[in-house]
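Per-chain residue numbering starts at 1, and chain names A, B and C are given in the order in which the chains are listed.
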Amino acid sequence: MSIRTSVHPSDLLATLREREPLVQCITNAVVTGFTANALLAIGASAAMCDIPGEAGPFARIASGLLVNLGTPTAEQRDAAREAVAAAQSANTPWVLDPVAVGALPIRTALAHELLGFRPAIVRGNASEIIALSGAGAGGRGVDAVDSADDALEAGRAIARRTGGVVAISGPIDIVTDGFDQVRVTNGHPLLTKLTGGGCALGAVMAAFLATESPLDAAVAASSVYGIAAEHAAASAAGPGSFAMGLLDALAAVTPAEIATEARLS
Amino acid sequence: MSIRTSVHPSDLLATLREREPLVQCITNAVVTGFTANALLAIGASAAMCDIPGEAGPFARIASGLLVNLGTPTAEQRDAAREAVAAAQSANTPWVLDPVAVGALPIRTALAHELLGFRPAIVRGNASEIIALSGAGAGGRGVDAVDSADDALEAGRAIARRTGGVVAISGPIDIVTDGFDQVRVTNGHPLLTKLTGGGCALGAVMAAFLATESPLDAAVAASSVYGIAAEHAAASAAGPGSFAMGLLDALAAVTPAEIATEARLS
Amino acid sequence: MSIRTSVHPSDLLATLREREPLVQCITNAVVTGFTANALLAIGASAAMCDIPGEAGPFARIASGLLVNLGTPTAEQRDAAREAVAAAQSANTPWVLDPVAVGALPIRTALAHELLGFRPAIVRGNASEIIALSGAGAGGRGVDAVDSADDALEAGRAIARRTGGVVAISGPIDIVTDGFDQVRVTNGHPLLTKLTGGGCALGAVMAAFLATESPLDAAVAASSVYGIAAEHAAASAAGPGSFAMGLLDALAAVTPAEIATEARLS
């Protein structure tokens, strides 16, 4: 356990379940159902409130907000702008997931614009973080072609700019506040065979923001989600049963299991 | 069994499977897949026809229509207006599910507007029904904070206004036509851990509208859906396997099981 | 095995997994998640890139493209136009799935417009193929009321017009290039109880287009998908566990199994 995280993920999981944070999600059409189910499973509430005129007001009362750019329709882009402005003014912590940024022009411009509203956490794979920092051209669609360590400098640069943290997903997850970093080695390769595996993690991070600082929240989310994935993979026959089992495991995993199974460094 | 329902849910399930009603759904992005699968499982057909220019014509030929306001984009709002007007003129019975009404301005205005087109059934949780009646400010997003009995007066008031029935979901479901009411105690707490658990019930109600009067249809849907949830919960390891099992159970449950397991009063 | 398919589906499955084709999907809101998971399961990558301004550029770099008209919002219609024009100019092979065409005016007009951009494969049920050929009025929503053989002449006519192939789904699938045809008898009735069972097959066809000619690709996709459905059905307790098992089976099925279990004529 690094000195940089002051509270253990196991404590944060207990706190999350006690507080049942209400997480607003402006997310892509592919993963809405799985994301909401993941939030419910871990003990949070989910509200996919993503239309202009409602997204802003809701961001003022939500515990946390996720903005995921996977399928950003014009209406969702306006809703995202409205929501992050409201979140910033109401001190609602929020997570930016810049899906496939770099290669695609509209979401790339939007991601840069939203970055100015100081997300508490930016979560992406290595290719996305590199592209968002301006240091590369982005990956092949939604799949990373770089390792998290390749993106560490890019992640640090973004974190220093936003004042929040950057969580780089991969076989090893890295969370950095721009200066220090924590590595989380929990997880399972089947997560890459599940659409929205990473997207749902972004929502879980938004839920953990209701419990602690962004660094602790991102580390706790990565660790708890990764351990649940390990549990689910143990009895999965493939990606279908893994998806089902991951929801079961997010609901069943206990703080005591997190305490013994978290692998942080 | 109350005298107010003239036909037992077990008979209506048999009728539904015989008729295979075609249910048009204008519903939220989070639950479309699960809702369509629930309709197919119980023996209906599903058509998620929700764009202006098609929603109206389709509502004339559908057996029943669901309008769910969970993520009401501008295009869906227009499609909903078009569909309910066509439904009313073609005598297609329809269900209104005013998700998270009260707290959020756009869907609240739309719900009040659509109410004028006389939905056969309004289905919501207690907070939503209270908010829709004008008696309260709505819940915390999509989750009810009141019990169904708290919303009974509000439900009655709405039913008298529409001439249809109101179904209030909760640990105990209540269906009222504005004068009398039937309580359905089938169901399982895991339904609250499944996103769209209530939304899919609204679609199942629209399917049962092809078999009988709104009161009987809403009672039958609540009872059959609740019994299927009980069956699914019996072998579920958590919310993921419960969701899967609920679809299996909706397809497998028999009229004979409904006859012995329905708990109405 | 017909002489008209030069390569066996088992070989194409091996090739697909080696190449990991990136399939762009412009598809309906009901099935996005299941479709992406099916693509990942079989060994492809999925990108649901469906907004104007991004859909075109992406179609130039994707391995294959699926355009499915299940819930065609105005933005998706523009994205589809942009994507197929780019696909044609960049030689990206694409699949058109004209869901519920015939009965509904907006998608019907769009389907005819898109047909001019020469889809490599048109995939639909018999009613849709008949309606698209101009020979009939379409089915009852998304469900076919005709058998694949009833649509053979219509399919041939479309294939001659596009220069590609037409795949007619049903208890027996037929693939025709306008002159010859291959029948694939793999599959299972539970596919009709799963929303998007056919939609996901369209995406899988787009993935197989990265391996061979349209005729071989469509036959391989129908056969592999049908065999996976047979495997899943063998241990399913209903449509919920079938959906889960189908994803597991798409990932687990081997070229050797395809070699022995494919039923083509």
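Basically, a contact is a pair of C-beta atoms (placed from the backbone, for glycine too) under 8 Å apart; a residue touches a chain by one contact, two chains touch by 3 or more.
Keep in mind it's a predicted model, so treat the numbers as computed, not measured.
Novice: Common contacts of chain B and chain C?
Specialist: Common neighbours, chain B/chain C: A.
Novice: To lay chain A over its twin chain C by CA atoms, how big a turn is needed, in degrees to the nearest 5?
Specialist: Roughly 120 degrees of rotation.
Novice: Starting from the mean Cα coordinates of chain A and chain B, work out the distance between those two points in Å.
Specialist: A distance of 33 Å separates the two centres.
Novice: Multi-chain contacts in chain A: which residues touch at least two other chains?
Specialist: 29, 33, 73, 243-244
Novice: Write out the stretch or stretches of chain B touching chain C in their complex.
Specialist: 22, 29, 32-33, 36-37, 40-41, 45-51, 53-54, 57-58, 61-62, 73, 75, 243-252
Novice: With touch defined as at the start, can you tell me which chain A residues reach chain C in the complex?
Specialist: The touching residues are 28-31, 33-34, 70-74, 100, 103-107, 140-143, 192-196, 236-241, 243-244.
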